[in-house]
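In this document, chain identifiers A, B, C and D correspond to the written order of the chains, with residue numbering beginning at 1 in each.
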Amino acid sequence: MNKEASLSIAERDFILNALREDVRLDGRQADQFRPLTVSFGEEHGHVKVQLGKTSLVVRISSEVAKPRDDRPFDGVFTIALELTAMGSPAWENGRQGDLETYVINVLDRVVRHSNALDTESLCILKGVSCWNIRADVHITDYDGNLIDASCIGIMAGLQHFRRPDAVVKDGQVIVYGLDERVPVALNITHKPLSVTFHTFDEGKRVILDATRKEEQASEADVVIGLNNAGDVCYLSKFSGSPVDAMVFVNKSSVALEKVKQINGIIDKALQTDLAKRAKSGMAEESRAENDREIH
Amino acid sequence: MAQAAASAAQSAAPSLSLPPSQFARLQPHAYLLAHLSPPPATNQPSIRANGRAPSQFRVTSANTGSLTHTNGSAVVRLGDTTAVCGVRAEILHTEDIASWSVSRSTESSSAPTNKRRKLTDPTTKPNERIDSKDEDDNESHIQDFNLLVPNLSLSTGCAPGFIPGAPPSTLAQSLSHQILTLLHSTRLVRAEDLRIWYQPPNLGPEDLECHNENEQMDVDASQEDEKNKEIKAFWVLYIDVMIVSLAGNPFDAAWAAVLAALRDTKLPRAWWDVDNEMVVCSDAVSEARKLTLRGLPVSSSFCVFEADAASGWRAVVIPDAEEEKELDDSARKGNQRRWILADPDGYEEGLTQERICVVVDKEQGGKGKTVIQKLEKVGGWTADAKELKALVDISAQRWEDVRRILNEQC
Amino acid sequence: MVGPTATLTPLSRADGSASYRCPSTGSNILGSVNAPVELPARRDALRPEDATVEVFVKPGTAPGGVGERYIENVIKNMLAKLILGREKGYARRGVVITLATIGGESVGRGDSYLTLLPALIHTALLALLSAAVPLSMTFSATVLAVNASGEITREPSEKEAAAATSLHALAFSSKGHLLLNESQGAFDFDTWEKVHARALAICHGTLTRTSDGDVAMAEDVDGQPLEGTVRETVEDKLHQDYAWKTDAP
Amino acid sequence: MADRRRINGPPGGTRPAVFASSLNTADTATGRPQRQRQFNELRKIFLKTGLIPSASGSAYLEYEPSASLAAARSSPKSLIPPSSALKLACTVHGPKPLPRSATFSPNLVLTTHVKYAPFAARKRKGHIRDSSERDLGVHLETALRGVIVAERWPKSGLDITITILEAEDDRWWGDAPDSHDAPWGMINVLAGCITAASAAIADARIDCLDLVAGGVAAIVSDESEDSEAKPKLMLDTDPAEHKAILSACVVAYLPSRDEITEIWLKGDCSRAMLGADDKRSGHDALIDGAVDAARGAHSVLAEAVRESAQRFVGLAAGAQ
C-alpha cells in the first residue's frame, strides 16, 4: 500500500509531450525551483517550509541523554520523519512505506552523515550526559520533492534552534532555563542541501524540483547533496532507468547554484526572524550566535 | 386473507422454537432489550441477559502471592475475565540515569532532581520532614526515571481476535497507558520505598562495620548522618499483567490485579556495597519490607445501553439537554430508554458505545469521605451530572466490596 | 483572556483540514480529515452499514507511543458517535483524522493528554467541518485545573497543570449534553459539579431563561463562549469562500 | 530502539537484584533441594478445562510444588525460591475460516504459540518471543499434528496458544552452568504444554485419534558423595533437585495406540546404570521411562476430559 493512485495514460503522455517541448505544467524552466518560503515559529527550531504546494513543519528539540557507549564524546542527533494521512490520503497512518524509508535514508546521509551538526559539541560530560537533538519532520502537504523540502526544513531548523545553556560544576551539570541564561545556538559545520532531479525520455530530459505528477511520470531520479563550498556529500541514482554519466557532471553545477540560492533564502529568513525577535525584546539571544562553548 | 394469516402463523411458529442462545447471537440488541424491558403485564423485574441487575458487579475473587519468581503477584477473577499480575523489581543505578547528575537551576515544578538530600529546615523533626518532602517534589522521581513499568498483554489467546505473537493491539496499549497514568496520578507507590540509600561512614574507619545497619531509613539517625546520605540506586517495578481470559471489562480486572499485586510486593533490603561498587540485597524474608501504598483506589466501569440502536445515526432531531431532562422524568413512568450497566461483560460491551469509568478511594481506610481519583466518560451523551453522581455512589459501595475481597487475602 | 484562534482548510491535499491555537495552554494543533476513503487493508474489519473512524495523533517532538494510542481511542469513541457514518457514501468507508502537534510542549511518558485534549478535539471538529463530513451535532470543549485551595483555572499552562490537584477536560455538544469527561487527580463530587458548571459556562455562556421561555446566552467573565468561536471560524471561512457571490451586486 | 507499542523501562537499563548470599558461594544459606519422591513417582498434576469461556477450548495446568518449595512457601525464610512449579494456561480458538490471504488447504491448519510471561522464569523474559519459545511452539505442533483428524476441517485454522505463568528452572539457582548444562527446564515445560493442549483440544471438541500426553524421564548423576557417581534413571525430574542431568527425554505418547508423535532427547544417555537384569540400552530405557511418565499424565488428562464432557452435556441439556 502507501502508493499514490497512478497517473492515467493520457495524463502521463501530456506531461511527457509538454516536456519534449520544454514546457512544464506550471510554466517553470527545467532548472527552476518552485517558489520557496521559509518561516519560523515562536519556538526556537520551529520551521515552516512551503515549496510550491508541498509544505512541511520541522521541529527541533533537545534533551539531556546518555551518550552511546561506543561514542562517549558525541551527542546524539536523530531525524524522525513519519508520513501520515495528512500529507497525502494515499499514506496510511502508522504504517511505514517504501517512500518513508527512502526519504529518511537520504536525509540521514545528506545531513547527519555529512556531519552538518557537530555532534562532538553536544557532549556535556564524557560518557555520562550529552544533548540529544531531535528533528521531527511533519509533512503537511505533499506535492512532490519531499527530500529537498525536508532538507531545507531541517537545515533551517538547526540554524534557528537554541538549546539551553549547561554548565558543569564539580561533576554536577546545571541546565539553565531559557529565560535565565541566553540559550546556545548549535554548532553547524557546513550547510548541505539536496537537489533532486528527475529524468524523462531515457535520460534526455532532466528537470529539478518535480511536482508529484512529474515524479510519477518520470523514469528515474538523481539526488545530489552539496554545500555552499561545492563539496558533494551525497550522490545517488537509486532506481529506475539508467542515466547518462554526463547528467551528473552537468547537473552538479546547476545544483551548486541552487544550493547557494536556497541557503541565501534561509539566511535571509533567519535574519528577518532575528530582527523580529530583537525588536520584541529578545535582542540578547542574537549575541549567543558566536558564543559556542564546548564543555 | 385466511390463507395469508395461516402462512403468517406458520412462519411465526418455527421462530418460537429458536433457542435463546441462537436468538442472542442473531439479534443481540433485541435480546438484551427484551431482558431489560420485560412486558409490563408479566411483572418481571428488569434484568440483564446475564442474570445480573443493572448495577450489579460480577463475582470477584483475588488470590495473591502464588507465583514463585515475582516480588508480588495476584490473580483476579472478575466473572469470566481473569487477570494475572506479576511484579518484578530490578535495580536502576543512578549512574545509569543520564539526567541524574543534571539539575535545573530554575526550580520549575516539573523536575527538581536534587541529588543529595540536604536539610532544608533543620528545626523540623526528621520524621515530619520526610513526610512533608514525601508529599511534594520528590515524588517526581517515579515519573522522571520511569520507575514504574506496567505492561498489559492480551496476546494470550484470551479471546478470539487477538492474534497471539502479534504486537500489542491498540486496546492493550491504551490499557497499559491507563494503568500507568493511574499509578502516577494516584501516586499509589511512594518514591521513598523505591530508593536505595548509601551513607558514607563519616566518623572513621572503625565505623565501617556498622554502617550497613544505619542506612536503612533510620529516622533516629543524627542529622549529621542525614546530610551525607545519598541515593545510589532505585528499585524499578516491572508490573506485567496477562489477561488470561477476557469476557469484558478488562480494565477493572487489570487494575484490581495490579493493586493486589502491589499490596503483596516485598522488596528485599538493599544496600550499596562499596567494595563491589554495586547494590547488594539480603535474601532474608524477615528483612524485606512491603510497599506502603497510598490508599486503595478501586476502579468501576459502566456502559450505557440504549433502547434505540440507531439513535445516533438517524439524525432525527436530538433533543437538547434541557428537553432531555424533562423527557427523562416522563420516562420513569413509561418506557425506559436507556440503562447504565455496571461491569459490562463482552456481550454487553459489543452493544454499547458510551463508557464510564470511575476510580474512587476513601480517606482514612474507609472511614473518611469518598475521593474520586478518575472520572472518565466518553462515547455518547446520555450520562450527565445526575447519572454520574449515582455512579460515584455505586462505585463507593463497590470500593467496600473490593476492599473486603483484597483484605481477605492478606 | 486571549481566546483560541483557528483557521479552516490551511492544507491543499487533504479533504479537510484545520489549525487551532490555544494561547493559554500553548498548544498548536494541525488536523486533517480524509473522508470518505477506501480502507482496503481492513476490509474484513469494516462494519457493513457504518463508516469506520480512525484517529491518529502525532506528537510534535517525540515518537508516538502508548499514550497516543489511548487518546486516539478517546477521541475516536467520542467522534464516532457524532459522525453520521450511515449517510450515503460513507458506509464501509473510512473517516481518517490525523492530528499533529506542531507547537507547544510534547506529552511525556505516562503523562496524560488532558491539557491538549480540548485543542485536539476542536481541531478534529473543524477539520471534519472543513471536509463536509455529516455530523449530528457540533461541540466545544475546555480543560480546567483545580489547585489545592480549590481554585479553578481555565485552560491551565503547563506549570499550572503540574501544580493542580486535579485536571478535568469536558466537552459539551451544541445542545448542551455532556459529551466527554476526563478527570484525574483527587477530588470530590462537589468539586466536579463546580467544574462542570464552570465548563458549561465557558463553552456555552451562562444560560438564562427569558420570560417567554427562550434560552438566551449571556457573556460573563470567561468572555465569548467557545461554542461561538467555533461557529465564527466556520462563518468567516464561508464568507471568504463565497465573497465572489455575496459581494456581487 | 525503544518499543513504541509498550511502556519501556529506564533507557539506561536495569539490573536484576544480586543477593549477598549468592555472592560468597561458600556459605549458601539454603542448600540444594532434595528430591523426596521415589525414582518413578510423578508430581501431582492439577488440570482443569473450560476456565476461559471465550475460547473454543481451554485448559489450565499446574504441577504440585516440590517438597522444598512447599516448605519455603509455608514458612518463608529466604526470598530466593528453591525451585518452581510449572503453571500454564492453554486456549484453543477454532476451527475457524482461514484468513482471506491464506492459500487453500484441504486440512485443518494448526498454529501453535508458546509464550512465557515476563515474570515466569528466574530471569525476566522479553515481550517478544525468543528462539526457545519458538522452539517449544514447533515441538508442540509436531506433537499435536499427528493426533488431530485434520482432514475433517478443510480450509480451516486452529490456533493453540499457551501462556506460561511459571516455568521450571533449568538448574538449581546456586549452580554455575557446567558442561552438562542445557535448558532442562524446557523439557518439562514441553511435557506440560502437550498435556494441557491435549485437554484444551478435547475441550474444544476437535476430533482426535487419542488423548496425547507428555512425559519426561532423565538420567541423573548425583546424590552419591563419592567421586564415582552412578547415573540413574528418574521420571519427572525437577532440574533444581539434581546436580547434573546427563540426558533427558520428553515424549508425546498416545496410550491406546501405543504411538509416539513427538520425541525430544537431549544429552548423553550411554552411561546409564540400569538394573543388572536390564538389557536395554540407555536411550531405550530413557524413552520407556518417559512413556511411563506420559501414562501417568494420561490418567489425569482422562479425568479432566471426562469433566469437560460432563459439563458439555449439562450445557446442552440446559439449552434445550
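Operating definition for what follows: contacts are C-beta pairs under 8 Å (C-beta built on N, C-alpha and C of every residue); 3 or more make two chains touch, one makes a residue touch a chain.
Worth saying up front: this structure is predicted, and the values here are computed from it rather than measured.
Novice: Per-chain C-alpha centres versus the global one: which chain is nearest?
Specialist: Minimum centroid-to-centroid distance belongs to B.
Novice: Between C-D and A-C, flag the pair that has more C-beta pairs in contact.
Specialist: A-C
Novice: State the chain with the largest centre-to-centre distance from chain A, centres being mean CA positions.
Specialist: It is D whose centre lies farthest from that of chain A.
Novice: Could you grab the centroid distance between chain C and chain D? Build each centroid from C-alpha atoms only and quote it in angstrom.
Specialist: Each chain reduced to its C-alpha mean, chain C and chain D end up 52 Å apart.
Novice: Using the average of all C-alpha atoms in each chain as its centre, how far is it in Å between chain B and chain D?
Specialist: So the centre of chain B lies 32 Å away from the centre of chain D.
Novice: Mind checking the centre-to-centre distance between chain A and chain D? Centres are C-alpha means, answer in whole Å.
Specialist: 55
Novice: Considering chain A alone, which of its residues make contact with at least two other chains?
Specialist: In chain A, 65-66 touch at least two other chains.
Novice: Could you list which residues of chain D touch at least two other chains?
Specialist: Residues 5-8, 11-12 of chain D touch two or more partner chains.
Novice: Do you know which chain C residues sit against two or more other chains?
Specialist: Within chain C, the residues that touch at least two other chains are 63-64, 66, 69, 109-110.
Novice: Which label fits the chain touch graph of this model best, line, ring, star, complete or other?
Specialist: complete
Novice: Given the complex with chain B, which residues does chain C contribute to the contact?
Specialist: Residues 50, 66-67, 69-70, 72-74, 77-78, 80-82, 84-86, 108-112, 134, 136-137, 158-159, 162-163, 173, 175-189, 192-193, 196, 215.
Novice: Which stretch or stretches of chain B touch chain C in the complex?
Specialist: Against chain C, chain B makes touches at 108-110, 143, 146, 148, 170-171, 173-174, 176-178, 180-186, 310, 312-313, 315, 318-322, 324, 353-355, 361, 369-381, 383-385, 388-389, 392.
Novice: Show which residues of chain C lie in contact with chain D when the two form their complex.
Specialist: Residues of chain C touching chain D: 43-44, 63-66, 69, 109-110.
Novice: Under the touch definition given earlier, write down the residues of chain B that touch chain D in their complex.
Specialist: My answer: residues 19-21, 66-70, 73, 80, 82, 84, 86-93, 96-98, 145-147, 149-151, 153, 155-160, 164-165, 167-168, 173, 176-177, 180, 236, 238, 240, 242, 244-247, 266, 268, 270, 273, 276, 278-286, 288, 346.
Novice: Considering only the defined contacts, which chain B positions touch chain A in the complex?
Specialist: Chain B reaches chain A through residues 95-99, 101-106, 108, 115.
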